[in-house]
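Order as written gives the chain letters A, B, C and D; numbering starts at 1 within each chain.
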Amino acid sequence: MSSTFGTLFRVSTFGESHGPGVGVLVDGVPPGITIDVADIQRELDRRRPGQSAITTQRKEADQVEIVSGVFEGVTLGTPIMMLVRNGDQRSKDYDALKEVFRPGHADYAYQEKYGVRDHRGGGRSSGRETVGRVAAGALAKAALAGVGVSIVGGTVRVGALQAHRRDWDVVESNAIRCPDAEAAAAFIALIERTRDALDSIGGVVEIVARGVPAGWGDPTMQKLDAQLGAAMLSIPATKGVEIGGGFAMCERNGSQTNDVFDGERYTSNFSGGIAGGISNSADIVVRVAVRPATSIGKPQVMAKKGGGTEVVAIEGRHDPCICPRVVPVAEAMMAITLADAWLRQRALRGREK
Amino acid sequence: MSSTFGTLFRVSTFGESHGPGVGVLVDGVPPGITIDVADIQRELDRRRPGQSAITTQRKEADQVEIVSGVFEGVTLGTPIMMLVRNGDQRSKDYDALKEVFRPGHADYAYQEKYGVRDHRGGGRSSGRETVGRVAAGALAKAALAGVGVSIVGGTVRVGALQAHRRDWDVVESNAIRCPDAEAAAAFIALIERTRDALDSIGGVVEIVARGVPAGWGDPTMQKLDAQLGAAMLSIPATKGVEIGGGFAMCERNGSQTNDVFDGERYTSNFSGGIAGGISNSADIVVRVAVRPATSIGKPQVMAKKGGGTEVVAIEGRHDPCICPRVVPVAEAMMAITLADAWLRQRALRGREK
Amino acid sequence: MSSTFGTLFRVSTFGESHGPGVGVLVDGVPPGITIDVADIQRELDRRRPGQSAITTQRKEADQVEIVSGVFEGVTLGTPIMMLVRNGDQRSKDYDALKEVFRPGHADYAYQEKYGVRDHRGGGRSSGRETVGRVAAGALAKAALAGVGVSIVGGTVRVGALQAHRRDWDVVESNAIRCPDAEAAAAFIALIERTRDALDSIGGVVEIVARGVPAGWGDPTMQKLDAQLGAAMLSIPATKGVEIGGGFAMCERNGSQTNDVFDGERYTSNFSGGIAGGISNSADIVVRVAVRPATSIGKPQVMAKKGGGTEVVAIEGRHDPCICPRVVPVAEAMMAITLADAWLRQRALRGREK
Amino acid sequence: MSSTFGTLFRVSTFGESHGPGVGVLVDGVPPGITIDVADIQRELDRRRPGQSAITTQRKEADQVEIVSGVFEGVTLGTPIMMLVRNGDQRSKDYDALKEVFRPGHADYAYQEKYGVRDHRGGGRSSGRETVGRVAAGALAKAALAGVGVSIVGGTVRVGALQAHRRDWDVVESNAIRCPDAEAAAAFIALIERTRDALDSIGGVVEIVARGVPAGWGDPTMQKLDAQLGAAMLSIPATKGVEIGGGFAMCERNGSQTNDVFDGERYTSNFSGGIAGGISNSADIVVRVAVRPATSIGKPQVMAKKGGGTEVVAIEGRHDPCICPRVVPVAEAMMAITLADAWLRQRALRGREK
């Protein structure tokens, strides 16, 4: 199941960065859902390079084609395959990298795993793989909208700087996708300095799902926390995930973090909307640690395939901070995870939610 | 797949806290592995209540029986079922809780999900479910030992206190299972104060796998990070997980966190032993955020099943800090995840590792 | 998934013939279904040895214990584990068979697959493994009854003799479980002659599901035909399966076998209730080819583990025709398959059927 | 998992008959296998319409494109997506069928299952879905060839006529793909008469795998018989499957059908190469019952969507006997099933076979 996520709403991506194309096969989408290809394209546009001065300047049109599963604008209940052709392939940029393993990248691990690899642009390990996730996420969002669930997300930390507000409406108004307009300016300034130093910087992305009724998710081995954790940590460059109170809760006492409930509302949300692995009707809140992008312009020491090391500067166009491009991917993975939980609960109880 | 973890090394737990028993079915264990039931029992003893003054004083013998899949001390390659009978069931303690939803607990979410629940001791949501995980983990550890992989773990933070050393040999010498003997004493003192206040406190558990060769794990949707993240977040009371540099790495630059590799060794381990979702031969390092135990002695406001709230004090014997009991469970989940990755890689390449 | 059947209604059996016990873990049973352990026991009694003069005379009480997932007689929605302790283990009977591979049996294949085996009574390859299937099938039948689906079955052929009627009410009145009382007498006489010759004989079992609405099952790779075919061919000693018109339909023309439908009823049922892999509201009709039992009293040539052959007579108590004991197992597998299809359809459409 | 087959060698088809295209996603193909696109195309050419006077005269070029997972002619170990664009879409032919349910077809079942359908050419229920299976099967055949396994197949029965020989070399020399040249002529004559009567006729296809070592497949729930049975019954228009002796074995005694083994060879093959669900080193022999094609030119009574019936003749170009086109599909499904079993055994034992 190496390239598949989900049990009932199953998303399988395919494609190498510099091959003919990338895309996704989504099986299990219920029939009768209205799909507007423009909605899918808009999500892809949020993910693609070249959106702003603080993202890589590579040009990728990322035009999506729906090849199957949708007829006259409505899902058939059959597998939906969506394809994005690759373009602007400056494969030559990568010739120098054929015989070295870039630090922080998956080059060496791939070589050891498979014994063979497509070195051009990272091949399958490229961030381009997330194109398929975002397209699938757009379907999941459309499906969830039908049962009153919506998803928002943004960058809430860059380096040591934090966002202090959650104005989700302003997210698309700034290049870093921060829900705090004031913090956004500071984030961007820091990223520009980092970019000018040919370096990269990390951050934290927060995703929130609203309108999830109590009862979605499974207890024990497939807790909703676990599914969301897997979803987030399957995104390239993520190295941490927390739900609700997360790591900070470790310093508290149970009498503080047990969210008091009156049968309708919670006075706090340390559980992040999930109790015992099952949604509890509060907002589902997830934060993801995004490491500094491993692709940087600075010269670095690299191991050579045949042994020894050399110092190489990676040509190409890099993202100084990938958080703004992780946001739509993380939203997509949240949507896919919840769509799966929704269908599992329908199977269990035989009713809409 | 609600109670199953893993694709090839598949672990399915069963059992309610106050039903006849709890246990686990493990399918996919390779044949020919020598199993000593005493090794399984030792792991269960590390998990069970009543081990020390800082764990709950409930008495549970937790004697394991291997019902299938092992013949003359050797695995047959067939499903291994292990059963632990429940005992010391003071179900009456829970009568008062039949009609209320405890804050922080899964009571309300279960009720909404299933429409019916076994309220006694949390039923399926009880920490007793982890008995099966630990038994399965002992099998996974035995299997991994055969290919040179070992797993250690301990409590590295309680409240605001941190461990500064990683002397894994001292872990079993102190009640909190801390790899820093000095910090352990401070951890324990804090926990005792918390216990006396009828409250609980959180912490962080760290698990390390040594000897994993490069090439285990999958890229994209089933990254080893994602699998380990799911494994950890499936453990009761966990609300965060990080790999290698984790959240702290967000404040760094890529030129600092790209682990330099000379073809044999890494000068740092910000990746936590996993690059692009695949093991890179460095130690695999995972940290888990453990929330303060939701079961506390202090009176709390609880929602009533029929509406309204009341203040109730939960009778029973509680853990003031569950970190020392999470350690063997988290080790087990790490072992199960890696055993699965090992078999997947064998399938892919057709050789021992 | 070697010992698991089903996607949402998941049945995993465990246990060796002469180990401590056999049983089953059933995950995905919806909550709120009333379960009477007597119903499960009655199904197990239909499967067990020693029921009549034409079944093996081994004595196995096969008393079932529900260990988890049922509380106060109602399913919780959590995993249901059911255990049957082994008894009457005349393991000594099998000592002579430790070093030989019985013809027709799985002995050699197991040895080559696993490199190790529990030779006593066939170990995992024993028909005792079906105990767990029958117990799980009883749960599936209870679940299906709630949506109006019922399952009947019987032996419709032994040797060259055929049943000409389908009086399902008489099935439990004769030892061979034939729905044609007249044919039953002939079947039994033939089996008795075979038994007296220390030999065995094959037959055909037919299973019918009534009340399945149109729309269950999946098209393409997971057609309901395919699922039922797998279910039946997973039963020991089966070597063929056909649906509706089956093999005999090959001799017909499409103008004869295209079941004419008026929107409510079909004038024929060559499709066996399944069109394009999806139920079409007609009765689902499946027939299973049961080979002559491989365990016979006659001396046979057997390959020796170290090379060469010898002639050995297998001590023990054998079934001259296993059809009557296959009937409850095949019914169980039909029920399990349909319960899974039911839940999958609920997930797809979000309503009861 | 509705459109997916396999656990480790996973094949997922997609596409509607008259949509933009059909194809397949194959995940789990081991890295390092040399793939010649011409080999895939040759298999597709064996499946496509218009090959001979006894197949439908529709023109479909069925040109395959490998979109991912293959680099410089070698598999990468990453998902392989193969796409075939649809052409020659005479969708207008189907306008008359929008409001009726064709007898024997899946039209009504689809409508009830999904509530919406692409009526053009059967949409997803069209035989065109098998394009993806054949492409995936070509990969599986290439993988299996590397471990010495080869697969042959042919039509062995049409109507009441039987093939008496198994000259697999002559299969591609006659239009019906019969391994008995003499029988082939009779088969073809019968089919031509049937075609001229605007009708269709059924038959039996036999598939044989040679070189499978002992030990592949699983016991109990996932027996190799069960997997192959599911594989075959997932092919459109199949309504029966048998392994080795199959249904005819019912008339025999165990003393006749227990294949005698001397440690190297079997004197008979009633088991069809599988004992206890596991390969036993003999040839694997499977026969599939193919019903008369449901698409016929004769006028037929059809149920109308709004109620009532009418007599309609289906325009279009039909196959009078689909056996010759089922042969490559059934070979593909056999190859896919065995490739999966091969990888599962590698996972279990950690060695090539």
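The working rule: a contact is a pair of C-beta atoms (placed from the backbone, for glycine too) under 8 Å apart; a residue touches a chain by one contact, two chains touch by 3 or more.
From a predicted model like this one, the values you see are computed outputs, not experimental measurements.
With centres computed as the average of Cα coordinates, no chain lies farther from chain B than D.
In terms of C-beta pairs in contact, B-C outnumbers the other of B-C and B-D.
Distance from the chain A centre to the chain B centre is 26 Å, each centre being the mean of its Cα atoms. Our note on geometry: chain B versus chain C, Cα centroid distance of 38 Å, whole angstroms. Centre-to-centre separation of chain B and chain D, using mean CA positions: 46 Å.
Residues of chain A in contact with at least two other chains: 1-4, 7, 12-13, 28, 31, 77-78, 113-115, 124, 219, 344, 348-349. Under the stated contact rule, the graph of chain-to-chain touches is complete, every pair of chains being in contact. Taken in their complex, chain A has these residues touching chain C: 7-8, 28, 30-31, 77-78, 219, 343-344, 346-352.
Only residues 1-5, 7, 11-13, 101-106, 108-110, 112-115, 124-125, 129, 157-160, 194, 197, 199-204, 213-223, 225-234, 236, 238-247, 249-263, 270-272, 274-281, 289-296, 298, 300-304, 307-309, 344-345, 348-349 of chain C touch chain D when the two sit together in their complex.
Within the complex, the chain A residues that touch chain D are 1-4, 10, 12-16, 19-23, 25, 27-28, 31-32, 65-69, 71, 74-81, 83, 113-118, 123-124.
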